[in-house]
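Listed after this line are the structures, all set down as structure tokens.
Consider the two complexes below, in which subunit A is the common component and subunit B and subunit C are the respective partners.
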Partner chain A sequence: MRKSQRRRLSAVLRYVVLSLWTLVAFFPIYWMVSTSFKPDTQWFSWPPVYFPDPPTLSNYLNVWFGAEEYTTTQYSISSQKPFISLGNSTVIASISTFLAVLFGSVIAYGVSRYRILSEVRMFQLLMLRMIPPIVVVAPLSLYYSAIGLLDTMTGLIMIYFITSLPYAVWMMKSFIDEVPREIEQAAEILGASRWRTVFEIVLPLVRSGLVATFLFILILTWSEYLLALIITKTQVSTLPIELSKYQGSTEGRVYGRQAALAVGITIPLMIAGLIIRKHLARGFSFGMVRR
Partner chain B sequence: MSVAAVPAAQVQALPSTRELSRRRAITRFRWSILGPLIALLVFVLMPVLFLQLYFSLHQWTVYLGTWWDAEYVGLELFQEVLTDPRFGWAVVRSLSFATGSTIGCFLIGFALAYLMYKPFRGQAFYYIIFILPMLTVPVVVAYTAEMMLYQSGPLNDLITRIIGIEFKPAWLTNPHIALPTVMLLEIWNWAPFSFIIMLAGLTAIPKEPIEAAEILGASKWRIFWEVQLPLLRPVIFLALVLRFLEAMAEFPKTWALLQGGPGTATETLPVYIFLTTWQYFQISKGAAMSYIVMLLMVVIVLFAIRLLRREKRSLDTMYAKAAARPQELA
Partner chain C sequence: MARIELCNLTKSFGAVVAVKTLNITIEDGEFVVFVGPSGCGKTTTLRMIAGFEDPTSGEIRIGDRVVNDLEPRDRGLGMVFQTHALFPHKTIRQNIEFGLRMKKVPPAERAQRVREVAEMVHISHLLDKMPAQCSGGETQRVALARTLVTNPSTFLLDEPLSSLDAKLRRELRAECDRLHEALKRTFIYVTHDQEEAMTLADRIVVMRAGEIVQTGSPMEIYSNPVNYFVADFFGSPSMNLVAGEVLQESSASRFRSARFEVALPKHFRTAKPGATTLGIRPEHVAVTRDGKGDVELPVRLVEPLGKDTLLYFDSGTERAFVAVTEGLDMADIKVGERIALSLDQRRIYLFDDKGQRIGNAK
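Up next is the complex of A and B:
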């Protein structure tokens, strides 16, 4: 009796703690979403408005479509081009991620089966990413301007490819390690080259792993800020950079507009993250979690 | 583990000429993979590192004409940086920011993971909610924080309503609490990371040693400290090391939210380097600073690699030991 009571108590306690953190984790997201639906008088009113009243789409229409007629006051942003940034972001993130996953999985195969990189090298590869990018952005931008890659999508794709390669290799290796070798050995006896084995046998077997790795890296590239800030100027712009342009504008605090843009940036990320939620641990565990 | 075992078995079975050509093929395969990787590092990273070294030894700013005939000043810039108290403070801020947020993320992540690793009703729901903060863009986090944290903003209002006393800290404009505020944001943003790895780690622990310890009457507390925690050590190190390194490099939130202000209250190393290079246009000083930071980080990273490798190696032995452990516990 006492034991069952204690168990019930601890179960209740668990729900209380978890629900508290649910509030902490969710409230800022709720605030962003609700602000994006608020008319401009409620963006920073006192007392704060918790539920948009009445909810309005004007922020979205203004930010994404530049619709001036929905603006009730002077808050309007002159240089609306989020769809161009959306396009840039999509192209840059998906191409660099695709390349990283492609090369990463071939390297991962080599590491998994032929140990082409020793364990130390693998960790060094990972740590290459852990050096703060700020220490190389200045020379990188000069180097890029010298070879004509500054303010181009190619430049960003290249640097994102390099920075996400370590994650791609590590994550794909964890998937490829789980594929039984017998099939490959059969292929080898039948005379298939290693390249053919990779592309026609191993990678199709880890399809879901490829998708997970792709989305995982896409999340990282999509939200990258510093490199994009330095490398993009006028021709190319990614969504996080576009959002930061709303900051410190002379037109006052435009929270609703910022929120509307922020929601648009975040939604694809959340969808991607929720699709691969079961695989997120793998992206981060670097061989330290046994399965 | 069986990587070595499989070819070794074939060595004896196959004729040596065939084995030789196989080995040659593997070497070819190896270099056709590593070749492009090395070329990439040589063509992108080497010039960048070289330029960085060049600028840290030559005095140049954008006003001083072409960069390639900048004046050679030896180690003067390094001296300037190392005697710059602002740089010293930036180092202190970065280290304390990284330490604080790493510990915060870890404690919260671990606590949540510990509450959730056994199946219960609503587990999937909580999991989804808890990973959401990680799936927001850092810049978005910064701007949302600004929307919430101004002095008469919703956060202060909510807390005032809940505790019933006027609660009005100036989260972003008070220089004493601006850095802790950014730290809290970092914790909010990245606690899911620690949560996810710790959850994976806890779930991956084999059940037998825990069950055995339970049967032998060990308390939950003792099981936690003597069975689960030792088995989790590699994962714990991973969570701490990666988070610390990422926090050392944190830039978007700090920059987008406060640009190092109020005053220099949130001026961490990345922010100070950014300011020096892109606002004061002291490219050379920024380069010298970057070099020092890079060396600092390389030292930390080499240490981290040793730590992680040691943990990884001890992983196997630890699992073996754990299986034998419960008997000792009783």
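Up next is the complex of A and C:
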């Protein structure tokens, strides 16, 4: 086989494998969107219905606006508050992510430039993330109840901030490491103070990394379930908790409604991703290409 | 006033001593080149002067002030980095005016000065481009302009031309020289390229293993190397260095190696007999085809370069014995042919078994 033929064949193979993988990755998303528009008779039907026939908005109206189209108890969900949960999730996820990225960046800068943490300490920091949440959640809820943080936004923000800090430090360190020290030194010898150098030189250069780290942690905190389930009760409910209510023992499996809620949960993240997609592509490929 | 004094300057990184008790005074307006192989401590020395490294001990004085505890920005220096270190997210104009902005120069004056230096280093057409859109030579000029515009008392240049190709290097070398002449400022230049050092410096500081081996004008360093290392480091092609021994006979001193034996000039009469290295530069070896010479060696390789021809002879060691002949007259010599060579007696160097120079070749 000639070299050009081999190259063409390998390109075709690559595209086939990638297309298959895209199909596998996107199918659940497609299924979620499709189910959210299906009438209840098609949720469980066999053979499966791929395209809702006819498509209906009733799941969305019911879940998000409380429109009761069905009166049988099978479909009534107890105390749904999706917009309140959406507000809670937005506040908790964005504040905890902001704090994690802010403190994580400062620590990462210190580690990258001044070695304030040894390699061992950095690994220990990452190990913090390796502890399964289920191990700490019981003692944590006791502790939280003693200091009055149970079922509060502050409590959830604090625990999300602490658990996502290691990611923020590790990711930001790799981005800051990529900025040549000489660029900072050039700014310093030209008369810039240390802080000025950080804000005017380093931060703009790691902007894409900051955005990528922010979105990564936002996704983690936005979709976190276990900690939210245990340390919140009735006052502070987040979207993943709300979502789980559609698969409870009393309500049964209300797939259409659940899918309609899930679409609503996913959309804010997708919008965020779209707005910052330019930075994301650069951020996630940072360091992979020699500049 | 930018007289720079380094007094007993030492820098250690853990157990590794990068710079050992360095003492040197660089006069105002001088162009000093620190040269040496990688890891000899030249860049560390420059970085200590700039303020990026704290000396382990010793003092750095700029003018009459000890500056050890001053931040880089308070030392009144300008630095051009090996990687040029332009700010990639700023335009060339913003890069150049950065230093002026930090010094709170009013915008109108800033614009004027940026224009002036851009003209000086021929980059006016690049001002609105981004660094990524510039070639290697252009970024080098921008880096120079960015330093020039702040009007520093001393320019520190850390291997600024090492990333450029040979032609650009020659061009920018001339540019550096021109700027030094025009500005009359102190230039401290670090390089591992002996040719750069020879062409640019008023004074060369040769470093090795954290210590100064020799300082002097380029001609002094070239003609009077203090030891084997300096003799070998300077010159292209480098000096012929042949290991052998000195024999003191009643009538004269002789040098003998595996392939040849030559009489030594009178000033080596006092040289101790024993293991010695003979050194002679390729341009001081005369090639004759009439068979009369001090030694006769077989040719290993002929390199016609156009203006000169390099002849490599087999001297019995791995390192060839090189002679330079003018033009292409000798280009037809065949490999393996035995050729007679005459060594210029006044230009023979001897180095003892520790590499130190013996006697004076005057």
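Going forward, the second predicted complex is superposed on the first by the 219 of 291 C-alpha atoms of A that agree within 3 Å, B and C clash if a C-alpha of one lies under 4 Å from a C-alpha of the other, contacts with A are read in each partner's own complex, and residues count from 1 in each chain.
To be clear about the criterion, a contact is a pair of C-beta atoms (placed from the backbone, for glycine too) under 8 Å apart; a residue touches a chain by one contact, two chains touch by 3 or more.
Please read all numbers here as calculations on a predicted model, not as lab measurements.
In the superposition on chain A, A:L102 contacts neither subunit B nor subunit C. Within the superposed three-chain model, A:A192 lies in touch with subunit C and out of touch with subunit B [touch as defined at top]. Touch criterion not met for A:V91: it reaches neither subunit B nor subunit C.
Between subunit B and subunit C, the partner in contact with more residues of subunit A is B. Within the superposed three-chain model, A:L269 lies in touch with subunit B and out of touch with subunit C [touch as defined at top].
Once chain A of one complex is fitted onto chain A of the other, the partner contacts of A:P180 are limited to subunit C, with no touch recorded for subunit B.
Once chain A of one complex is fitted onto chain A of the other, the partner contacts of A:L205 are limited to subunit C, with no touch recorded for subunit B. Counting contacts as defined above, subunit A residues 185, 193 meet subunit B in one complex and subunit C in the other. Residues 2-3, 6, 25-26, 29-30, 33-34, 36-37, 40, 44-45, 47-52, 55, 67, 108, 111-112, 115-116, 120, 122, 126-141, 143-148, 150, 152-154, 157, 188, 192-193, 196-197, 199-201, 204, 234-235, 237-238, 242, 245-246, 248-249, 251-252, 255-256, 269-270, 273-274, 277-278, 283, 286-287, 290-291, 293-294, 297-298, 301-302, 304-305, 308-309, 311-312, 315, 319 of subunit B touch subunit A in their complex. Of all residues in subunit C, those touching subunit A in their complex are 50-52, 71-73, 75, 77-79, 81-83, 85-89, 98-99, 102-103, 146, 150.
Contacts from subunit A toward subunit B in the complex involve residues 11, 14-15, 17-18, 21-22, 24-26, 28-29, 31-32, 35, 43-44, 46-48, 50, 103, 106-107, 110, 112-117, 119-120, 123-124, 127, 130-140, 142-143, 158-159, 162, 165, 181, 185, 193-195, 219, 222-223, 225-226, 230, 239-240, 243-244, 246-247, 255, 258-259, 262, 265-266, 269-270, 272-274, 277, 280-282, 284-291. Every residue of subunit A that touches subunit C in the complex is listed here, in rising order: 180, 182-183, 185-193, 196, 201, 204-205.
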